[in-house]
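Common to both upcoming complexes is chain A, partnered first by chain B, then by chain C.
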Partner chain A sequence: MTRQRWITLAFQFGALVLALGFTTLILLATETDPWQAYKYIIIGSIGSLRKFSDVLVSFIPLLLVSSGLLVTFSAGLWNIGVEGQITLGAIATTWVLRLLQGSSLPPGVIIALAILAGMLGGAAWACLAGALKTYGGVNEIFGGLGLNFVATALTLWLIFGPWKRPGIGSMSGTEPFPDSLWMPMIPGLRLSPWALGIGVLFIILIYFLMKGTHFGLRIKAVGKNIKAAYLHGVPTTRYLMLAFLLGGGLAGLTGAIQVTAVYHRLIPSISSGYGFLGLLVAMLVNYQALWVAPVAMFFAALNIGSIQLPIVLKLDSTLSGVLQGVLVLFVMLMDGIRQKITKRWGGGS
Partner chain B sequence: MEIKLNQICKNFGKLQANQDISLTIPGGTIQGILGENGAGKSTLMKILSGYIQADRGEISLDGKSIRIHSPADAIQHGIGMLHQDPLDFPPMRLIDNFLLGQPGRLFPDWKSVVGEFKRLCDQFDFSLQYDTYVDMLTVGERQQLEILRLLWLGAQVIILDEPTTGISSLQKQKLFETLKLLAGQGKTVIFVSHKLEDVEALCDRVVVLRQGKLVGDQLKPFNAKKLVNSMFGKPVSLKESKGHALDRVALELRDLALEEERIQIKDIHLKIQAGEVIGLAGMEGSGQRPFMQACAGFLRPVHGHILVDGRDMTGKNYPAFKQQGVGYMPAARLEEGLIPGLTLSEHFTLAGKSEGFFINDGHWQEYTREKIQDFNIKGKPNSPVESLSGGNQQRAMLALLQQPLKLALLEHPTRGLDIESVIYTWSKLKERCCDGAAIIFTSSDLEEVLLYSDRILVFFSGKVSAPLSSRKTSIEQLGNLIGGKDWATIAAGVEVAA
Partner chain C sequence: MTNEAILLGLAGVLVTAAPMIFAVIGETISERAGVINLSMNGTILLTAMGGFAVCVQTGSLLWGFLAGMLIGAFVALIVAFGSITLKQNQVAIGFVLALVCRDLAYFIGNPYMGLEGQRLPGLDIPILSDIPVIGPLFFSHDLMTYLSYLIIPLAWVWIYRTRPGLMLQGIGEKPAAAFVRGANVNRLRYFYTVLGGAIIGLAGPIYSLSVKAGWKGTISGLDGLGWIALAITIFGGWNPIRAAFGVYLFAFLQWLGLVLQPSLPGVPSQVLQVAPFPLMIMALLLVNIGNTEWVARTLAMLPVPLRHFFVRLLRALRASPPGALGTPFDSE
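After this line comes the complex of A and B, so read on.
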């Protein structure tokens, strides 16, 4: 068993090396000095407190959305609709903020209510995909994908329609909310300690939920063998829906944080691809909640670190996306190879 | 075309599926291949039709030795096989299916193909419409389509694997006529079946396989008794079945009727006492599974009532049945019964009563250790179930059966177990009987059915016998009933005796 652990680890390390090698080859092909590029990514992400705080700003949504995806993944669901769930969370949050911004309620209560609404919005959107799957027989991948488009259209309609800025609607989003409705920030930085606290709190909650509770065990059982889980008395439909509910709720929370702590308004691309990036994180950690935080941190650092590449090296900042995508591909590839090899060993002995 | 098989051998790991099988089939005849499930019939036919390759041995056609590497090879040599489940493409039209497998051009000549199809249909008097979709057809019609396709591809030898499962008696009659017509045209027909009556009605000659060996060989007219004996081996002397029946009805079926895709069962009246063991005998797919599934609430009956422990459960779902004390153990261990990726203790936690939100890990580890000891499972609480051997997985499933248990439905509870494990398993099951659980189980091992059940229900293509007393039934009688023979006399006779 321990030997197998080491083999697995070695293969994962190999995947990392291969991913870096592949990205290096691409850099060489574009006649860029790879060392320079990597150096700027590192400097750009942890070179200063300000940069690092930006990494954390990117880390929070990724952490939240990935921990939600951990639940749906464990239930055997491909929650592709996570992008739409983030968007709906942001929309619901914006709606409540707009509704209450003129009221006499204290700002803290308004923000709390708005965040709650965001979670509900994301959960509702996920339940739609879940209901389509469990009652309508629509695969969650297709249902989610469809709902993503609907969510995007809904955002655009709101920004250019009912919620447009005074005068004329613009791609820059709705009218920003007053400072009082912002989540408290660290002075001089874009980082909200509250948002960070929420992110860390939820990954810890999900970790214990999936590891130490009957709920988590049942979710895992449904994901690994739904027939047998039913046979052993797990109400499978209910747990599939609960997984959607929880995953969607956390995606909605992500959207709420983006509105209250980052953009302070609804913008057209409010999900910023964090949903898809979260899917990559969840795939990479292979159901283990413990690894979500470090991997999400690494991905966030890549995101932020590559921002200055276009300025200094005339490289597009999508290089971080290349590295992230390639990394996931190689990890999965190496895992496939490892399983093939160990199976052969097992068969031979 | 004359087919000669010479000393065909095929092993799957330790299992000798075919051992030194030699057989000559002259052209223009219908050859029956008879044997129990797992006797090696399908393996032999798959070798002949190119789906798998023999380890040793030789195949010759009309005296010429050939090698068959793939199904396409086989059809080139004129050998075509009709599978138990038709290998067609339901969402496509008949004519598209007909064309499949035809080596050909990008744009087929539809007119001539349709003409050919109609000509073949007329020849065999099939009423198939070329432009309907395959999913509209019955199993019998799909067989007809497949036969036409094979003939059109130039098959001289047609192999049919259990073709009479799931078709109506009218369609069976039609099929037999067709096959006789084909033999009359000089084609060779190989008919694989476990049904004695079908073989008797159709075949000119028959061989019997048992445990991978060719053990019998007869020409028409057949001696049915001898065939049954060769199919199941020597009659076995029976030990007494231990009766634990209590004076309480665990399960009552009133005028029950069930329907599944291929099978319909009607008029089941049955009362099973607590502590009683009921064995279901019959070839796979004769209706045992829907019967068991109905008793667990997985399949809703179309008519009649199901009462568990005196309570009417008709129309309720499985969780309600489970609540009422019904446990189900499926045959496919890792597919339906256990959850690969979870450990033993996680299984016991899942199946057990959950108290509180958090898992009391210490409690469940301890509980699992007790069960491991009690059921003699070779494994640790933290062993993933897929790492256990088949026998230990089986024991784990037994240990997972719920407490209290009023009715246990077990599909092949001892399949794949060695003899010691079988005895152990049954000793554990009999313990549950003493606690008042009734057991219904299926098995393809007739000896096991006779040995461990108090009463036996025989299934034959949707027909269910009256309960037979296991003490008054012999293995030959069971064999005959399973093959669809002597239903009128034996079933009635034993029913009176019971």
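After this line comes the complex of A and C, so read on.
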């Protein structure tokens, strides 16, 4: 058993080496010094306290959205609509903040209500994709994709229409909220300790939910074999919808955090691709909640580190995306190769 | 609007639909064989960039299009290797490739951004292009648009009217039965996935060398088109003619959105650009809802004449995926 774990680990390490090798080749092909590029990514992500706090700012949404995706993944669902769920969360949060910003309620209460609304918004959007799947027979990949585009259109319509800045609407988003409606920040940094706390709290909650509860076990049963789960008396439709509800709620929370703790307004690309990146994280950790935090941290560091590249090396910052994606691809391919090899050995003995 | 302008607009719809036709037909062929190539969004971007870059480097349009086909085939080969040989999840591999190829396109394409490039020349078809209305509408475009007309019936005839096409249906529908009849299921799946990928790979260069000539990085406006093409493939019910109808309908609706914009000043252009999506979801719903259990149960409770009407309606709309779509085949 332990030997097998070592083999698995060796193959995963091999995948990491291959991914780095591939990215290095690409860098060489574009006539860049790979060491320079990697050096700037490292300096750009952990070179200073300020840089590292920026990594944390990127880590929080990735952690939240990935933990939600862990639930939908476990239920066997490809929640590609997650980008739209983040967006709807942000929209709902902005809506409540706008509604209550003139009221006499204390700011803390307003922020809490706005975040709650964000979770509901994300959950509602996810349930739409869920209902399309369970009652309409529309695959969640295609329903979700369509809803992503609709969510983007909704954001643009709000920014250029009813919620436009005094004067004229612009791509820079809605009018920023006053400081009193921001989540408390660490002075001098862009990081909110509250947001970090929420992120850590929810990944722990999801860890225990999936590992130690009846609910988590049933979700996994539905994901492993939906027909068998149904025959064993699990109300599968309800559990699929619950998985969408939870996953969407956490995606909505991600959007709410982006509005209250990062941008302080609604911007056109509020989801910033965290939904799709979260899907990569969830695939890489292979349903294990324990690994979500370190992988999300690594991905966030790559994201922030690569911001330097266009400035110092005239490279596109999508290098981080290439490295992240290729890493997941090689992990999957190496896993397939490992299974093929061990199967052959097992068959021979 | 004058008749002239409408005619010009409709002719434009046929041209802008051409790349999407190749993408959807390529995906249809791949899925018919049982393999979902979810990488399409990234493939289109990477082939658009690659085709443009190769054309700039070699000065040859032909090499640009060939490069697109090669890249598309190679990406499809990874999907095939991962899912057929290594039995990994097709959707997972395709999705990761969609992201990797997109980022690669932006990264490698950085130095080519905004460069002056060639553009596929127009090619009026003699005699036919002189026919009033029909001529300007169908026959005064470029070579790839004409090929896009041709590939639709070609794919249809191949799938439904030839022996190898019958085998293609078999390996996607009932691979075990096809295997018993002597088909090398996995080799054929490799072949059709790579072939489909090569056809999808034409879509990118058609954009970057014709429809939206040039490479402009993230503002090229190509991100998202592959996802739309995937949805249209489903809407098309894995039938090339129905899929092509979906593509033209979509292109027509987007054009309509642009035309209607001046008369709807309160609505920003971005909203009208995505107007087809809710319609697409509705279409997917109509196509799929006939397959669900609760609809069958509800129908059973209706009085007979009403039931017959709805059953007939849903059956006409319904499209079922190839039986073995997305599942690996093992001859053991």
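Definition applied: the second predicted complex is superposed on the first by the 349 of 349 C-alpha atoms of A that agree within 3 Å, B and C clash if a C-alpha of one lies under 4 Å from a C-alpha of the other, contacts with A are read in each partner's own complex, and residues count from 1 in each chain.
Just so it is clear, a residue touches a chain if its C-beta (ideal position, glycine included) is under 8 Å from a C-beta of that chain, and two chains touch if they have at least 3 such contacts.
All of these numbers come straight from a predicted model, not from anything done at the bench.
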Touching partner for A:L18 - first (chain B), second (chain C), both, neither: neither
Greater residue coverage of chain A in the superposed arrangement, chain B or chain C: C
Partner chain in contact with A:G212 - chain B first, chain C second, else both or neither: first
First, second, both or neither for A:L113, with chain B first and chain C second: neither
Which superposed partner A:Y230 touches (first chain B, second chain C, both, neither): first
Touching partner for A:G137 - first (chain B), second (chain C), both, neither: second
Partner chain(s) touched by A:W157 [first = chain B, second = chain C, both, neither]: second
Contacts of A:A221 with chain B and chain C, given as first, second, both or neither: first
Touching both chain C and chain B, counted on chain A across the two superposed complexes: none
Residues of chain B that touch chain A when the two form their complex: 318-319, 322, 328, 330, 334-342, 346-347, 349-351, 354, 356-359, 361, 400, 402
Parts of chain C lying in touch with chain A, wherever the complex brings them together: 38, 78, 81-82, 85-89, 91-93, 95-97, 99-100, 102-104, 106-111, 217, 224, 227, 230-231, 234, 266-268, 270-271, 273-275, 277-278, 280-281, 284-285, 288-292, 294
Interfacial residue positions of chain A with respect to chain C in the complex: 26, 29-30, 78, 80, 132, 135-139, 141-143, 145-147, 149-150, 152-153, 156-157, 160-161, 169, 276, 279-280, 283, 314-316, 318-319, 321-322, 324-326, 328-329, 332-333, 335-337, 339-340
List of chain A residues in touch with chain B within their complex: 212-215, 217-218, 220-221, 224-225, 227-235
